[in-house]
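There are structures below to look over.
Across the two complexes that follow, subunit A remains constant while its partner is subunit B and subsequently subunit C.
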Partner chain A sequence: MIRTIEIVALVMGAIIAWLAATYVDSGLQFLLCEVFLLFIMSQMWNLLAGYAGQVSFGQQMFVGLGGYGLCLIANNTGIPVWATIIIVPVIVGLLAIPLGMVVFHLKHAYFAIGMWVAAEVVFQFVVKTPALGGSGGMVLRPGGEMMQGFPEQTVLPVALFLSVALIVGLRVFLRSKLGLATLAVRDNEAAAEAAGVNIWRLHMILFTLTGAGTALAAALYYTTTLFVTPLDAFQAKWVVLMMFIVVVGGLGTLTGPVVGIALFIGIRELMTAAGYSGGQYWIVMGLLSIGVLLFLPQGLWPAFSNYVQSLRGKASS
Partner chain B sequence: MIGAGLALNYGILKVLQLAHGEYITYGAFAAVGAIVLFPGLPFPIVLLAAFIACALLGAVAQWLIVERAMSYRNEVVAMLVTFGLAVVLRDSLVEVVGADLRGLSVGRLGQANFTIGGLTLGVLPLLSLAIAVASFGLLAFLTFKTRLGRQIRAVSDLPDIAALVGVPVKRIHVIVAALSAGLAAIAGVLLAMRASVSPFSGLDNLLIAFEVVVLGGLGSIRGVLWAGLLLGMTQVVSTWLDSNAGLFYVHLVFFIMLVFRAKTGRLT
Partner chain C sequence: MALISTVDVSRLFGSVYAVDRVSVELNEGEGVGLIGPNGAGKTTLLSLLAGSLKPTQGKIMMEGVDVTMLPVFARVTAGIARAAQIPQTFNRLTVRENVLLPAYFGARLSQHDAGIWVDEVLEMTDLLRRAGQQAASLGLLDRKRLELAKAVASKPRVLLLDEVAAGLTEPEIASIKEVVKRLQPGRVIVWVEHIPFALQGVCSRLLVMDKGAKLLDGPFDEVWASDVLQSTYMGM
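And then the complex of A and B:
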């Protein structure tokens, strides 16, 4: 069950979210929106890859579906944008079920590539379909009107609170029966199955949830950018970012992605401020990931916490 | 052709080399660069230069980076390392040569064609096919008829035993990586001759390479040839039926085939 400290964390998250919505200026809000939404997406990838053991190269499909779902529903119906943001992940989650039934026939590397190809099929389909704006994309016009006000003022507290809630939720989830089953499958699939875990069902639940979560973050993201293009929404950059953030921070840990995203956005902002180009930023990121993987293959956070524990061990003995 | 190097790499090293698409791009750009520097260079030399340049790149990357990552015996780590490598390679190239499209000028060869029995054939596609078949032939000869090939197959089947009986496993890994990158370079040159290349085309090429390799059966060189033909034909037919098809049907065909084979349990 939920513990006191976690309730405190939730309350703190809500208060900070309210403060951020009120006192932070618009430019910083926009940046923070990106940070928290990217964090949610990374955590989703982490849940799928680090806990369920299914490395996917196709998560940008859910980003794209989230963005397009938002524009399609908000533009063509009278449903308000904020309600649409709640509907979209439900629809994407439902779409993920038949997809999962198909791609779960594939294992390991095949799964990763199969997901990537599936994402590419959806991408090419969107580009080919004039009703979806073709390669030009769509502008968010709820009910045919332009958006009013500053959406990031609303998105930021939602994203911030969701990030905190996600960590708390995952902690609670990992203590539950299903969570324990997930950990068991991660550590030893054959033994877990022998102990009565229905692996297929478990993977399906996680796959659907992570798809829906990614779409939710994407719908929020495209509410702040106000338009969506297929090249941006379906680009592999999304899944590359998720992978780098999770792997550098620590795959299969809840704190790892926090470390990862702080590092990635921090370095990006520093390098942009110092006048380096986007290409140079990616070179640094690539080198950083190679370095971390070669010397600390579990990622930065597990290495750090192991180090602290070994220090404690020495101090007590 | 795009897939051949990748099949070799995955079959022997058991590492998904995600930098493979970048090797293809580098091969194309090496050829473009060589022609810009020495305009009169004959074509076979250009091809050879691209092969050697990429083979060296692949060997160094394997020796310095991938070998180390492989020692963790964790597929995901090795895969992600090569992905980091791909990103570094791509953006370094963009920084150096800019983001422009480049083409490899083949002069009159591009339009040249001849007619046999009412069928008009372009010289360039035939030349590409000839080079591809020759590369496959050489590769098959190398793996099945030489001492090196025997060692490569031994390392592929049972690396621990191969090491026990005195095969220099690490050196074989480096050689395989070099060969695979070199094949990618040849594919890149052929692509650059048909259409222009951009520094960003690596990921697209990588995906097609994956599809060819997976369809052909991992590590099977002959299967790769058939899979390449199938996907190539799909591309031609779908462009003929629907002019803005792009790669939609190619990806769709691959996806359906993949799932079909997984369902019938013929996926090894």
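And then the complex of A and C:
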């Protein structure tokens, strides 16, 4: 099942996580939290869109649900923050089932847009509900006390380890029965059904799992910011970032999103350090996406590995 | 009781009856050849049995149970599988993975049992040496074999073969016939083919369709020799 190299990766991940918690300064920890949590969300979008073929423009809904679920439960019950972070994805996963029953009636582009509409509906509901703080949002009250004011110190090792565990988990998944079914559906949906695969059920499992995974990452993220507003949590920015990271890096590959996230954070941090204003890096990212889609449509990582392979081919022949 | 039967099934496309009130009963261990001119409705009849098309009228019964509304994947787990006229392979997967999928989900085998079974199927269909190759790289004969192997791997009790021998040479057809013969006991095999040589010796029963309707149905030699067949089918 699990291979030696994967166990090694997990152990290394745990060690690096501990080092990061102990030796990295608070400001960098905060940035790295965002990096790893965004990576997890992107990998979830990749599993849904790149492997299961269900492109969604509405995954920010799960970010919002994760953030609000965290604040609602932690503020109103005695459940500690760490336990809330575990409970939230379970609840969001359960909520995804009835949602899936509705949006699965839509196919392809209609599904993508339908998810966007669904996210917008939830956003409007949250903004107009005073009990949820309206447009002002909510503060995570027990957050600061629980983590001695430095939540990133706890969240970073968790997020880092989860990122490594996610890659290992996805590798194991792709070798499993369900993983094979996912790859087969991506190749030829009708033939997969003719082999006995219940495609609706497979899509539901992946929709639920990726929704829950996105909510988990979001709950961790809002534990570091200590407050959540609807404008931030339900913003289409989230899904645009996931798409940029996955599509530019390489849709339907496990390494692609690693490349994508490095590129995004690199561009953003370098440009802000060079004194460009907040939104200007978006222009660069937009141009980069267009360039990649035009010239290397499978994404940077597949293009790179194909190139290396062709070099090797030449060398051996 | 018949293993699988159609009761007065029809399928309409626009104003054309692709299948027109066909009733057949198919019994365990039977090899049935299905012939008829182009457009006679053979593929459509197989689609109705496999569930990829729903009849506009009539029922499909399996061991006395109405399965007309069962979706394709559930028919596969119920024991109906088809090798399609145009091979439907998973091109980015290996040959072995192509065959593993129906072993997992159609036959519902565990990973361990599926591994053993798939090796057997690959051996039988002469694909073992191609097992690690991507399906996209296969030639026509191997593609046809893979389509057959996928259908067989789901351990069907009703095996529907749609022109699995078309485009192949005689020795190649003979090797496919050997495979089908080995599969025969305990199953229903319905084999659509334009080449009589393929069906001879495998099918004991012959079904003739024309313009959607069942024209003839009986022992292979009898139907083969009948005047009606000679005039409608061979006369084309």
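Observations on the structure shown:
The rule we apply is simple: the second predicted complex is superposed on the first by the 311 of 317 C-alpha atoms of A that agree within 3 Å, B and C clash if a C-alpha of one lies under 4 Å from a C-alpha of the other, contacts with A are read in each partner's own complex, and residues count from 1 in each chain.
Simple rule for what comes next: a residue touches a chain if its C-beta (ideal position, glycine included) is under 8 Å from a C-beta of that chain, and two chains touch if they have at least 3 such contacts.
This is a predicted model, so every value here is computed, not measured.
Once subunit A is used to superpose the two complexes, subunit B occupies space next to subunit C without a clash.
In the superposed model, A:41 lies in contact with neither subunit B nor subunit C.
Once the two complexes are overlaid on the shared chain, A:197 sits against subunit C while remaining clear of subunit B. More residues of subunit A are touched by B (comparison of subunit B with subunit C). After overlaying the two complexes on the shared chain, residue contacts for A:102 are found with subunit B alone; subunit C is out of touch.
In the superposed three-chain arrangement, the CA centre of subunit A forms the vertex of an angle with the CA centres of subunit B and subunit C, and that angle is 80 degrees when rounded to a multiple of 10.
In the superposition on chain A, contact of A:187 is made with subunit C only, not with subunit B.
Of the two partner chains, neither subunit B nor subunit C is touched by A:300.
Distance between subunit B and subunit C in the overlay is 15 Å (nearest C-alpha pair, rounded to whole angstrom). Interface residues of subunit A facing subunit C in the complex, by the touch rule stated above, are 177, 180-181, 183-184, 186-188, 190-199.
Against subunit B, in their complex, subunit A makes its touches with residues 49, 55, 102-103, 105-110, 112-114, 116-118, 120-121, 124-125, 127-128, 236, 240, 243-244, 247, 251, 277, 279-280, 282-283, 285-287, 289-290, 293-294, 297.
Subunit C meets subunit A in the complex at residues 50, 52, 71-74, 76-77, 81-82, 84, 88-93, 97, 100-102, 104-108, 111, 150, 154.
Residues 16, 65, 68-69, 72, 74-77, 79-81, 83-88, 90-92, 94-95, 203, 207, 210-211, 214, 244-248, 251-252, 254-255, 258-259, 262-263, 267 of subunit B are the ones that touch subunit A when the two sit in their complex.
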